[in-house]
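Quick heads-up: structures coming right below.
Two complexes are shown next, each including subunit A; its partner changes from subunit B in the first to subunit C in the second.
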Partner chain A sequence: MGFVGNLGDIFRILKHVFRQVFRRPFTYFYPFEDRPYPEATRGRHIHIREKCTACAQCVRACPVAAIRIDKEDKKFEKDCALYFDYTRCIFCGDCVSACRFEALFHTPIVDISEGDREDLVYGPDKITTLDRDPLEWRGRRFR
Partner chain B sequence: MSPDILDEASVIWFGPQHVSAHGWATKLTLVGDYIVECDPNAGYFHRSAEKCLEFRNFRQGSMILERICMMEAFLAEYPYIAAVEKIVDLEIPERAKIMRTIMLEFNRIHSLQFWWGQFAGELGLFAMLLWPWVDREYTLDAFEELTGSRHTVSYATPGGVKYDFTPKFHAKMEIALSRVKERMPVFDDMLAGSPTFRLRTEGVGHYTAKQALKWGLSGPNIKACGIPMDLRKDDPDPNLAYGMIDWEVPTTHNEEHPGECDAFDRLLQRFKEIETSLDIIDKLLPLLPEGPIIDPKARAKVNRLPEGEGYGRVEGTRGVTSVWLKTMEKAQTPWRAKIRGPCFASYYSLKHIVPGARFADFPAIFGSLDPYPGWWDR
Partner chain C sequence: MQQFDFYLWLSGLWDWIWGVLLWFWGILKWFVIWILDVIDGIWALVALPENFMFLVRAILMPGLIFVLFALIFTVWYTRKIWARVQDRRGPTHVGKYGGYQLFADAIKLMAKETIIPLKAKRWMYRILPSLLLVIVLLTFAFIPWDPYWNILGAPGSAFPDLSVSLVLIFALLTAVPVFSLLIGWVSGSKYSLIGGFRAANNQFASEIPMVISSVGPAMLAGSLSMFSIVAAQTSIWYVVLLPVNFATFLVASIASVGTFPFDAPVADSEIIFGWRTELSGIYFTVVYFAEFAEQMLYSALMVALFFGGFNGLPFLPGIVNFLIKWLVIYFLFTLVTSSFYRLRQDQIVHLCWKYLLPLSVLNVVLVMFAVVYIPGLLPLVIGG
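This part shows the complex of A and B:
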């Protein structure tokens, strides 16, 4: 064989290498973009206080006691304030399925890291709003 | 063993830091390159799962179980659900039975895909470590589409299942299963067709069917000896759909040593397990009827259970997985829960299998038994 016999293979490899150099990478640039999540994704919660009736079913359903309720804090007629402790939450979805008034949902936001442990307890101001939309995917489709 | 040999023996701890020891610790006594004594040590993963179950109600308990073994999360949580359903009288809809069975088999495929990569990685085949894990991503995508979570699916609940199959889930499951079917011959060639791999696994970690029965092994570890012992066939759960279809229990026969198995036979057995799972899913999907997915009275009935005992079991990826529950009158939580994991037996059988083997064969032996520490430290 020798060098000449392998030329075809060498060109094939070079073609592949040059094609990959000018393509977008398969990996994604995480803080700026993220992969698409399905609708059912069990990410951080959102609490809709207008619909909440302070029945505390979510608190009872939680297997890890991650939800605290404050019935004194009222913004509407029947509602209450919820405190979600994301250092304890296991994202099992039991609180959402326990809510019969459509006042508690999961969102597709799964990256909720914070610099301080205390910041992971989401109080009524944080849990009722989404501070940002889910990140978008701009890279190549891997799967 | 003469005491002179033991004078030269050195004791080393395999784990808990070693990368392929998965966080458990096994004490090995070596003379030269040969292992003369193997002392498995349980306890490094202990998180009091059984005690935790006594403080969770009957809808919450399964969350603990699925965190014991993340690889087969749904297979791990199902025995708890089955035990609760034995105590309280619930009517499981036909659709839910079939959906549960499909998800159990799908979860088995996921666990075995993970095991392929892990086993090959332990033996130094790094390409084969990553390839099945790429395919596993498709399986996890399907789980995520259905339940919202990739590993801890929390799918079953007493009385039925939580989420209905959607067209998007069917599409993703189709992609994942076709990917497994497509790549099976490739992996078979890479492992069973590789002379290096065969040298490292053939004739290693030998035991007979009689020994396996004595040690209490189950699942693929005993089916590899040629014994068709499978709970799905021997004691089909009335709340699952295994009885609705015809399927064969896969077994492996070692032609050189009938009634015995080595690490290579256990690998072949796990290939056959995947084929069986694919076969069961293919046969069950057309049978999926329309209708409800949960008993409407289940939520109210499970709030307080009558006095009784329930024993739920399922054929897991690693063997028989079961949970026993004892409840008192109007119980909100179990009075006592006992988990029987499949891997306690396989981990402590190392004590008898390993002595006499070379040190380099140790990862091949315990990797082929597929032990998972959560199952013996519960």
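This part shows the complex of A and C:
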């Protein structure tokens, strides 16, 4: 080793760094570009009202009382409206496993931050669908 | 005997007041005429074609405005390269590819409160950061950007190139660690004082190898003028003959700037931010710009001394050649600064004095022998 060996190390480091510069960045372009989450991610819920029977087992199972049920709001024969309070939800998945009619699922969407606390209570209009306004940035539409 | 006639005296008072007013008016008129004469004289000087073009060159194109725009670009460029080395994206949101990020940062920094510590010496503390920037920007006057279109040394202009501009650049840049030490001293904080002494130590270590490395090109060109050194590299760039000198100059200049492998003066994990600890707001902005200006300056010096300056592709203007090489050398500079970990104080001195200094001398001596014993090399070296 000694001087020549150190010099070789220095040039190896420089070569590596030089290659690194022209590689694609490892980070995602976050609010516009999201990383792919696995299917089993416990993100926000989706409520499928066609299959719901208003049995309220999800409300019983919720350990933090984040779900409110409104049995009067019927769209189909025997469904109900669910209000998810994401200021309380701990994403434990008990409500999903309590649902025996395959009407409640987690989605892999985890970025649910809002400007107001009230917006984090997902009413029947938001919890039944995955649609949202696409983000736009310099003419490109993301998600 | 005539008594003192009060009313007569009173009537004379108006004359007296009128005289005083005329006297003041005379002073005012004289002052205004003097100012106008001075302005006339300046205009008469400026309106001379060579003086006017000198002003245009000194202020607009290779001068102040150009250097400031290059500075803005350089900050963005550095941040992008650093980000790419670290697998990040760098600034993206403000402007196209984050190009306006610096403006956002500068506005933010200028809007911040300027806190002057209680123990600081206020007058010095206020004036030193700007002096640092001024002295770094001053050295850009001696960079030969173009065969014609540079600040000093355009053929036929009233301001010829200095025959010792290389020495003068080093003389001006020696003041930079003095300012660092002074800022560290007048800040009245132990961290800034330690940082100031470390900056002085960096310069102490790096200056001799840097000057000795630049002796090689100066000796081959037979001149200490930057313009002549560049003009002598028409046939062969000196990096071909002096590659070791280029490497030692690069390392020594990084040590002199005090960026990453040699960032002991501003080591954030040891002494909070070194000699810049107490600087805030606009003072920090100015010092930040001065650091980048110094990096730009050393890259430009390397281009001029080793990479042939404005010599290059013949169909391009000289300044474009210079700028292309400048970007490449700056990229190399940033690559080296972003690759290595911090050295200790004694390690910096050890490296600079025990390795860089003998290597640069060795290369100069080897080239001397080559010029003497290889026939046909001498006319190539002095530019044919």
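Things worth noting here:
By our rule, the second predicted complex is superposed on the first by the 124 of 143 C-alpha atoms of A that agree within 3 Å, B and C clash if a C-alpha of one lies under 4 Å from a C-alpha of the other, contacts with A are read in each partner's own complex, and residues count from 1 in each chain.
Basically, a contact is a pair of C-beta atoms (placed from the backbone, for glycine too) under 8 Å apart; a residue touches a chain by one contact, two chains touch by 3 or more.
From a predicted model like this one, the values you see are computed outputs, not experimental measurements.
Partners subunit B and subunit C fit side by side in the overlay (superposition on subunit A).
In the superposition on chain A, contact is made by A:Cys92 with subunit B only, not with subunit C. Of the two partner chains placed around the shared chain by superposition, subunit C is the only one that A:Ile13 touches, whereas subunit B remains out of contact. Touch criterion met: A:Phe3 reaches subunit C, while subunit B stays clear of it.
In the superposed model, A:Asp73 lies in contact with neither subunit B nor subunit C. Once the two complexes are laid over each other on the shared chain, residue contacts for A:Pro63 go to subunit B alone; subunit C is not touched.
Of the two partner chains placed by superposition, only subunit C is touched by A:Arg23; subunit B is not.
Of all C-alpha pairs linking subunit B and subunit C after the chain A fit, the shortest spans 11 Å. Residues 3, 10, 13-14, 17-18, 20-23, 25-27, 29, 138 of subunit A are the ones touching subunit C in the complex.
Interface residues of subunit B facing subunit A in the complex, by the touch rule stated above, are 56, 59-60, 63-64, 67, 137-138, 141, 144-149, 152, 154, 162-163, 168. Within the complex formed with subunit A, the subunit C residues making contact are 81, 83-85, 87-89, 92, 96, 335-336, 338-340, 355.
Those residues of subunit A that touch subunit B in the complex are listed here as 37-38, 40-42, 61, 63, 90-94, 97, 106, 143.
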